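Note that the chains are named A, B and C in the order they appear, and that numbering of residues resets to 1 at the start of each chain.
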């Protein structure tokens, strides 16, 4: 009677990270994919209609903790799908975040994650490139000849930073993939909006799959522009080499301190990695990344020591294992 | 070798709530049934004897959190059952709470829940109409020709508000259901007792099932009396209409402020709802409820904004989906 | 596709504990085995190689909470095993803890647990007789003719008390079991080390299995020496009687107060218990234990009230049920 799937990923890596002169060796969790445990299921309601649910919690393999947010902070949704598409209710990634992930070879995870360069520009709201509470989302049906898309709205419930909406449209057919997203989220007072617009494209030549994306964000008159060029190269049946280069630029206002705002700056992120699939579920991997800050920038590689001065370099290297179930 | 069932409910609703002039639109969790995830199982020990366990955690689909209390705060029990009945040890609903639920069409959940009118009258102990830690309970066997019953005791362990006992006796056969419960719980200093006595009855005429219940509580010389009249009406194979009216009256002492006590007052709760079962496991539903406060009363509908003045009206409307697995 | 096992133990006991004149009756969790819920699985990678994972959370059946530490604080590991042995990464018991458990009939659990006598001697680090974060461990293969062993290292990650290593070697063949362990862990400042050395042996005569172990710990010039003599006696097909006597002695420096150090003293622990297996998965049990403190010692039985003076006696009695799945 019960049709439940218990699934997850456990990922652990040995990591060496450095920011300026500070270094650290650590056993960490989620170098390739964030470690997680989930429960999900669907029920066929007849007539093409399906009900579904999805619960997913973060797992930190190094310490046994469950991340810093809500227990089911990765996802807690109930959904109805059919010929009309899918409606999902609950906490989840926004569709603009899903767009951004698709053009980062790391999917916003680990030492090479492009996500560390994204700033909310002082708006206090990061849901457009993250996850949102109280989210109602709609996805187009999957039979539109390669076209796909979705839109979501998160209810503010009296808190501005809970409020937002995003939309995404894409085309993925054969070797070609292009996608665009737009999101707008509110600040705490619900007085001004943070806006994100992004375009991405990739073409799979078989021996190599290059991709390019451009994202622009704005809050008040602060702006950030992020270019990512990436490439993935299959090596035999089991191997995959990938690399990415990201250039993030802040405009002058974004580089200027203001009440309640810590200025950002320009930065460049270089990342390369290799993934060796031992089986369908288990992979060994290694990653190297380096982040160069300019001016007031204090961005750091995920998991690296906090920067102690402007313009420091942050870098990391890891080897790890990812087991999914 | 392992005989474990993973089960749960994910329920999300779009809700509009109002108290006085304050209104809120929200995506909420548990409009029909509280969202939850559980693990349970039984083992046949031979000779009619069975061992069993039950773990159940609340899930908030809107934010991914797990409620405000203990992780397995809904239930964490191990039990032995046989011809003699069942003994359960652990955190669980008290038998008096189980009695009260049976005569509220919402089972104490969602916008129409009668539970919002229950006060502990300043005793600090709500376990008689809720759940209790350290609970040892005994249930009569299920083959007594319609008669059933249970008794439980919760150990104080040095904290008065952990201490209580409750008893319940009922008869459910054919269309008739009657039940009575009595509970007594301690205040923090273990110096005085909060007492609850309740009677309920229902008769299923097939086309309509009316029910009536009366509950009286007392702490020091404060008293509350709660009448609930309810009706459920099946509509076709898949539909169910329900309605309830509750009248809660406090005596003069309960309406008088005292050190450490916020006075309550009289209130009336009207609730109607409709549940459409799409399948055995999935239902769509809608609820409307209105709560009218008298005098010093500041009761609110579950999930509504807090009252800012005495005697305000609180109301709510939702549409939602409940998926169980 | 998914090969996951959901497993656990739910254990509840009715307990009477006493320290000095303070007594308490309680419903408690984990009198025989700590209540827990876990998810584990393995994947065959071919060529004798296996990947595996293990997540395990504590459950408190009395209150529904999950213990005081991390949610998956009992274990969160991913591993690779093969002809070479096994490598595990994540939070887990240290191999020195596994050694110590093997020579306590209670495996460090419940009223008779020897663990309450272990002191970190002011070092602030208890991982050598407990669990450690950031642990990388290696175990010898299991086909060495009875010899077994393991070694582990936990990365400090900038916190001295996260840093340690331990090693264990043993021989278990037929009726004989001998094992030795050595561990060294750092204090917070990573300036001095807490050291633990232990030896244990047991011989199964069939009608009775006596065991003996000796553990010595040192930090600065503080020392503790712990002797445990234990015996287990099978009674019929379903019963097991066990008893243990432990003598813990502190040297003069360990008995002397110092800045940030609460002195310990000498103590003796007597414990007896009986376990009746109703089935493979379910057991009823009873335990009695008494702990006698000397001098400045304020050790208490697990779950007993805190000592209010030096040299008090602490004792406990319980009856309970343990159900595993």
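Here is the rule we use: a residue touches a chain if its C-beta (ideal position, glycine included) is under 8 Å from a C-beta of that chain, and two chains touch if they have at least 3 such contacts.
All figures in this text were calculated on a predicted structure; none of them were measured in a lab.
Seen as a C-alpha superposition, subunit A sits on subunit B after a turn of 120°, to the nearest 5. Here subunit A and subunit C face each other with different sets of residues for the most part; under half of the interface numbers are shared between them.
For the pair subunit A and subunit C, the distance between mean C-alpha positions equals 41 Å.
The set of subunit A residues that touch two or more partner chains comprises 6, 71. Put simply, subunit C touches subunit B in their complex at residues 5-8, 10-12, 14, 24-27, 29, 35, 37, 59-66, 71, 278-279, 281-282, 321, 323, 325. By the touch criterion stated above, subunit B contacts subunit C in their complex at residues 2-4, 6, 39, 41, 43, 45-46, 49, 51-53, 55, 69-78, 80, 89-91, 133-136, 154-155, 157-158.
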